[in-house]
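Paired with chain B in one complex and with chain C in the other, chain A is shared by the two complexes that follow.
Let's look at the complex of A and B:
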């Protein structure tokens, strides 16, 4: 009898013990430390613009330009011994453009080398997130190379989260050390020479504050302090004075910029999201700008959404800007680049997004398909179309 | 930009900050279903990179929206 009691007690304890077991992978203290692929993204876009204020030809002439841009990035993650999440981002981009106005640097040639160019831009970023101590930090490096321009960039960042993860304060410091090949318009090469390189350096400090306001509303504020120095004028852009003499664009060798942004995102009902951004910008070249963006994703199903978007932008003219044959020799700095003129612009379009946790087109890892088209219209006549395809594998 | 505009802008941003911090509630992780939606993210999305890039080149102002503010030429 004693053996039966002991047997029943052993069986009972065994069953209890079996139910008390938990899957070790679900234990919050255990994290898989192997490096794993979190996601991969492929983004491809085609951009085409038309206009008649080319800076290369002194503010007149075609601005026709096409750009085919492609980028691929992969994100890897792993946990370390103290359960901090390490994230590694690797990105590689290739752009190829054709530009009618660049071809006018030396119009004596038919379809010169400057009519088209290819830019490559790899980058790598690493970040560490500590969910227990509520902070993250990271660093990154980037490189960009095209025919006459190269850029080496570096950044460091730090963020602190509140205990309830409802607030985040972040700072990011960036530096870009660029080198620009000296190319003058063909008719100015005899006086000014040609060749060699000039530096252009940019230093940015970005501060951000994001805050969850309630279960449907969150916001962020962004403040950048940006300083540029070096060759800021584009030497192959012509400026025609009133006396019809031609000069290479001349701009100050430093520029201080302060953009300030406020983003508010709101989830209304169960299907409708409002994404909004207001941005103010000022700099010491005399440009003040405001932009407002609204995007309204509507979820037709939980996995398929359509998002119309609209952006309005306005800026004042830079002090150094004047149009074709408007400058005089009394001006210390001069440019006929209409990107620095007073104008307003509007950008509107539609974003189509399809996502599935089970995979798209039978491919289990194919997580998201997105297509975005936008039309851009500037008050001084420039207009463009942009179409982008983005694929996410997860 | 005149002083009145600067004052209005300062009032706008400080007002937003003030309103934000006085009206926000602590939201628990299990109540973040809407906030965690992939289209509610506060940073610009990858598909917007191309348009941010050409706006950076075609407009005199840049930055303040989480985008690139330096590097690369942008001269075409």
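Let's look at the complex of A and C:
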């Protein structure tokens, strides 16, 4: 009986011992101990030790230490009361663009607002990361409006990390409730009526799995299921039938898209990263596509980086697509939008990014300035140059 | 290896941008911040001085370069004929007479060893490097007995000092000392002293993250120091304002290995021979860069509780610890503002 009792006690102690070891910030070889007076004043007496009158000369001479602060205010930028890491982002994008083609909706209008739309799209994002339970959770909302289009977006996301933080599984759900103004080509306005807004809603579910392979190589797999419904055709786009009649584009009311991607990032050093992405895409309109993307950001200083980028893309034609005067009235759906045609495209350019923790132009909250130039080239003849400016405020 | 290059993490949030952009004239009434980045002691040194004269500022910075090169030649273990290596060469054979500068530095190191229960130990150089080729690809922890064997020569008590003759004797054959855990801080402190003697009233010497600041910015404000976020080291996770103070950070977030799901830093506990785990970064704030540099790593080895228990009993020193689960632990004299 006594023997059994001892056995239990031993087991109990070993459980305690195992528990104590899991407090990983402690090292049992070092003990809490009361310091001696001279140890407590170690800093003040750093160069003047009692009992050692040897030259202080090798030292740095006497320092006036009396004015050393009694306490320090440390401003934490990113932790909450339970010390979870919070990140708040408020992005304010300005994207100034001109487009020549939108003026042709109504050729009698010589100049319209659409010739130089300024898009303004604020967004709010919040996230919280709990490192003990290895998860993060976030939510965001966005609103954007153009003269013919408004969009309300919401998203929630959840990520779970492995214990060593080397693997991350993420789920993101997004919904965009868009409303856009119906604008028919001018010659069709009489028959089809004019004005009004039509909905176009998009629902996305993204799944990602990222894995740190080693200190230099990271991999992630992405699956983005997307479902769109509502007015998907762009009604002001004309379609000319074989009989030379003019119609407004007509496309199915729903679309289901499946993109699947593989991303590899290689950190070649402190200053140089190579990012690459392969993506396969398929949808129920008959488009299959492949794309390859490469980007190589190079940090010139910690605050200033340049990154050249290149993208190659190829896709098959959608079932609804046919070119100018190719459609017939046999078709239920018709579009001559070359975005839905078979093509290959290339996009290359340079991104310039400047950040400052102190603020740019003396504005404390203004911390990132980004300028992107790109040249786009498509096999069916579309070429464009674009410049994008992004400003980020804390 | 070990304590040499851990403290790369403190970044000055550029104190006065206007001054840096301005092209300074040879003589002007305005105090301008002159900044120079130098590679010294195998590390990145950033020296910033406030002066109204760029030629004089440049001369002062040049004198710092000469001084730090002199210190390097005393402390280096990469050169056979440095005084430090002479001590190592005669380990177990005979005492070596050294200059008072090294002698006093070793005395201070010994006192720090006693204070930190041996977590700080300059005989750390004795560790068997062939065995402990600590790298990121390590997947298994070594056997505890084997690890212990590698640190058998590490013991600061076996440094025999003779105050009269200024000799240093390492008792055991094969013992080695090195100043990796204190050298950068010592150099930063010497550089500051030299600049102050030349009349520089304000400046910052940043020896690869071990920095010491004195005086004020040209605006009259104290210097703002950012402490790097262990999660993303180009972002400060916090900032503090200091004047006449030194800050040093030791962190395991730059070099570590994950073994069976647990993160181990490249810092080896001199008592066990095992890599340390549990703490991501330790920041020490105190008036002296040498002491700040020396204390950051031992606090990491001792652990948050014992380390802060020690710091809290001491005057004129403050400490911020971030553990592996991103919890912040601080000494009592730190006020966190969010």
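By our rule, the second predicted complex is superposed on the first by the 253 of 394 C-alpha atoms of A that agree within 3 Å, B and C clash if a C-alpha of one lies under 4 Å from a C-alpha of the other, contacts with A are read in each partner's own complex, and residues count from 1 in each chain.
Going forward, a residue touches a chain if its C-beta (ideal position, glycine included) is under 8 Å from a C-beta of that chain, and two chains touch if they have at least 3 such contacts.
What you see is a predicted model; the values in this text were computed from it and never measured.
> Pick one for A:346: touches chain B only (first), chain C only (second), both, or neither.
Neither partner.
> Quick check on the superposed pair: does A:72 touch chain B, chain C, both, or neither? Answer first, second, both or neither.
Only chain C is touched by A:72; chain B is not.
> Classify the contacts of A:259 with the two partner chains as first (chain B alone), second (chain C alone), both, or neither.
first
> Tell me which partner A:385 touches in the superposition: chain B (first), chain C (second), both or neither.
Once the two structures are laid over each other on A, A:385 reaches no partner at all.
> Which of the two partners, first being chain B and second being chain C, lies in contact with A:35: first, second, both, or neither?
After superposing on A, A:35 lies in contact with chain C but is clear of chain B.
> Scan A:229 for contacts with chain B and chain C and give back first, second, both or neither.
Neither partner.
> In the superposed model, does chain B or chain C contact more residues of chain A?
Higher number of touched chain A residues: B.
> I'd like to know which partner A:164 touches here: chain B for first, chain C for second, both or neither.
A:164: touches chain B and chain C.
> Have a look at where A:43 lands relative to chain B and chain C in the superposition and call it first, second, both or neither.
Both chain B and chain C are touched by A:43.
> Now for A:179: first (chain B), second (chain C), both, or neither, which partner does it touch?
A:179 sits against neither chain B nor chain C.
> Under the contact definition given at the top, report the residues of chain A touching chain B in one complex and chain C in the other.
Chain A residues touching both partners: 41, 43, 47, 49, 65, 67, 69, 71, 73, 164, 166, 214-215.
> Chain A touches which residues of chain C in the complex?
Residue list for chain C touching chain A: 11, 13-14, 17, 99-105, 107-108, 111, 115-117, 119, 136-137, 163, 166, 189-190, 192-193, 226-227, 229, 231, 234-242, 244-245, 258, 261-263, 269, 271-272, 276-279, 285-288, 290-291, 301-307, 309-310, 313-318, 320-321, 323-330, 333-338.
> Enumerate the contact residues on chain B facing chain A in the complex.
1, 9, 13, 16-17, 20-21, 23-29, 31-35, 37-42, 46-51, 53-55, 57-66, 69-73, 75-76
> Quick one: in the complex, what on chain A touches chain B?
Of all residues in chain A, those touching chain B are 41, 43, 45, 47, 49, 65, 67, 69, 71, 73, 97, 99, 101-102, 117, 119, 121, 142, 144, 146, 148-149, 151, 153, 164-166, 174-176, 178, 180, 202-204, 206, 208, 210-216, 218-224, 226, 228, 234, 236-237, 257, 259-263, 265, 267, 273, 275, 277, 279-283, 285, 287-289, 291, 297, 305, 307, 313, 315, 318, 339-340, 345, 347, 351, 353, 355, 368, 370, 372, 374, 376, 378, 382, 384, 386, 388, 390.
> If you look only at chain A, which of its residues touch chain C in the complex?
Touch list, chain A to chain C: 24-27, 29-35, 39-44, 46-47, 49, 52, 54-61, 63-65, 67-81, 83-85, 129, 131-132, 162-164, 166, 214-215, 302, 356-358.
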